[in-house]
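To keep things simple, chains are lettered A, B, C and D as they appear, and every chain counts its residues starting from 1.
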Amino acid sequence: MKSILKEAKVKKTSPFSPSSQKTRELLCELCRNFYDLGWASGTGGGISIKDGDHIYMAPSGVQKERLNPEDIFVLDLDGNIVEEPGRGLKLSQCAPLFMHAYKIRNAGAVLHSHSVNAATATMLFDKSFRIKNMEMQKGVEGYGAFDTLEVPIIENTAYECELADSLDETIKNNPKSHAVLVRRHGVYVWGKDWKQAKTHAECYDYLFEAAGRMKQLGISLEK
Amino acid sequence: MKSILKEAKVKKTSPFSPSSQKTRELLCELCRNFYDLGWASGTGGGISIKDGDHIYMAPSGVQKERLNPEDIFVLDLDGNIVEEPGRGLKLSQCAPLFMHAYKIRNAGAVLHSHSVNAATATMLFDKSFRIKNMEMQKGVEGYGAFDTLEVPIIENTAYECELADSLDETIKNNPKSHAVLVRRHGVYVWGKDWKQAKTHAECYDYLFEAAGRMKQLGISLEK
Amino acid sequence: MKSILKEAKVKKTSPFSPSSQKTRELLCELCRNFYDLGWASGTGGGISIKDGDHIYMAPSGVQKERLNPEDIFVLDLDGNIVEEPGRGLKLSQCAPLFMHAYKIRNAGAVLHSHSVNAATATMLFDKSFRIKNMEMQKGVEGYGAFDTLEVPIIENTAYECELADSLDETIKNNPKSHAVLVRRHGVYVWGKDWKQAKTHAECYDYLFEAAGRMKQLGISLEK
Amino acid sequence: MKSILKEAKVKKTSPFSPSSQKTRELLCELCRNFYDLGWASGTGGGISIKDGDHIYMAPSGVQKERLNPEDIFVLDLDGNIVEEPGRGLKLSQCAPLFMHAYKIRNAGAVLHSHSVNAATATMLFDKSFRIKNMEMQKGVEGYGAFDTLEVPIIENTAYECELADSLDETIKNNPKSHAVLVRRHGVYVWGKDWKQAKTHAECYDYLFEAAGRMKQLGISLEK
């Protein structure tokens, strides 16, 4: 579908390379998708994508469903800004948190959601969310349908950047998990590329939602 | 993206100045967004936006998701109509209520939602909605994640205009709040501009929804 | 926006008069809207619109969100088919039921929804749904915010056409209501035109949803 | 609407026959529809369609809402692949399961959904889901509004293909059912063509959702 002609056309209308333009557009499109799912309301949440030795991230405090390709920050693999949108836009406060998953887990994309499902799930458990025998667990790499899926829960902090240390430690201590929940806040989820990160996030959110419903219906989560 | 050419094109097809046309289109687009969120069904709800010394408002009793730029009223900062759509359309009954937030709080936009989340939240409390330790509180200016966020609740009245006095008084008595709930009715929310008003409204609605779920799950709202 | 040029264009591409084409398109668009709201899944639900001495209705058993203008039946005010789409399509089983609201109430549009909110609402009450002191009641003509809004509930029948008699009687006996609920089935709603029918339907559905949530939260519906 | 001109145009831009292209596009469109309904998140779920002696199926582990016509597998009626998309894509693990409904029930389309409604419904019952006296039952062929609708529930297995035997047996033992639920997993639904399969799936999902709400409200499912 992508002919040389189309690529050429993109070059003319965008100040970015075709590959950079494409990643920027994808990031904006996924943020709209996540807004529709209720994961990114109130300017929160979003996704960051690694492409080669560049990491694409949204600015802080902007409406994620209204991002444009030219609003995106580009970082190198050490977290240094290599391209910025200007216009007073600041890098997302999640940046250092995203970097942990990139570095410790060699992630290809990291997603942050504050869906009510995720926030509520942190209130049902103490140290970690646990669920068992759900088919959707299989969408999370390394889990089978009859395993107990566990997601560590860390305590929230006043400023998002203060989560860095406990997130770092928790990622290291839970090598099997592709996500960390933050109490009364939401969840960080990653994957080897944006497709897996999104798949993981959809499966986790499904399990958080199902857990809430099961609790209301008096059904055991670990039966 | 907006070239002189495009602006010129807008001038030809619209009887309004480019800036007026843009604000009118934005207002219509946001109303569609709010309808999709369930905040503006049954012709209710909506948003008003201040641009310079003009205030844009929707007509009363029309389907908010089907507004067109030419349906909008324009008021001056004292609330006098300076442009009207004609065709029998009447100014929203919310107009005097919106004006309070513009005058007392120097708001840049005021939003009214009757989402079931908001209406139900007013039934969980007596004088004010209260929640604590939720990350989404940070999306409301002046609140941290560990504060107790409070939204005053006023009693509903038979006619929307009769809310004016108690709304006026409540806004003055609750300088920290960017919203006032109305019993079994909905919520008025404002911000320094339309982006902040929308962000505030999304954060408040999230907190109202979470509060309802927490109650159902037997989780304390002020833990 | 509608120039003579555009109308002319419609004439060329449609076998219908511009007015008929417009009503057919509106009916299809509203059915998509109602599908998105969960009111018309599984080929059920829909809306019928009166335009002059013609009544437009969808066929039976077709996916309401995928209707095309050429699929619509046109009836006269006595319920006789004056235009039919052919291709084996049959008139909706709701037709005689819709006709009652047209004849007894001089409705301009009649809507049928089987939303889970409506079906569940019929299980909370015996002879009629009742709610009180909800602002959204004001969206239903004749009701104030502090009234008790009542919607009669009739028992479901094996075939939709068998509802005709009890619907007829119930409409006559409840002159204040713009809707009749059918047990474990859904709701019929009407208004003086399609806008009012849709507004009524959105307000009623909101009240049915709120009622369910209030019951779950232990809040009295008639406080 | 489909002129010879348009068909000709399709031929030029697609490597597939017009009929094959159309079925592929329909399959992709329905998968987007099901994603929006929450039936196909996390790469799961989807639909397979029979057209003549060809069966169209989606690949395994791909985002169902982002399928393109060229991603689809085509099988013959014995389940042998006759066209494949290449690019490392693998046939859906559901393929052998879908084939059972094609063979035993002469289905025209088979759908798999893991909606939270379906998964939760399997937790409310032991051997089969049962509901009674719901109008939406009539959307499932062979059921009236006053029947007891029953959907057999089979136990989940570690690998989707291992479901084949019990699905086969259960389909044979429940000739009246157009669906089989899988514990804590989801549902397989079929119909004589894609329209009926989709209608069945929407009606079943509605009944699963209503059942969950009724349980929460303390209402009997078989009253």
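Please note the rule applied: a contact is a pair of C-beta atoms (placed from the backbone, for glycine too) under 8 Å apart; a residue touches a chain by one contact, two chains touch by 3 or more.
On a predicted model such as this, the values are computed, not experimentally measured, just so you know.
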Other chains in touch with both chain C and chain D: none
Centre-to-centre distance between chain B and chain A (centres being mean Cα positions), rounded to whole Å: 29
CA centroid of chain A to CA centroid of chain C, Å: 42
Numbers and ranges of chain D residues touching at least 2 other chains: 216
Touch-based graph of the chains, sorted into line, ring, star, complete or other: ring
Residues of chain B touching chain A in the complex: 1, 133-136, 139, 144-146, 195, 198-200, 202-203, 205-206, 209-210, 213-214, 216-217, 219
Footprint of chain C on chain B - complex, ascending: 41-44, 63, 114, 116, 119-120, 123-124, 156-158, 182-186, 212, 215-216
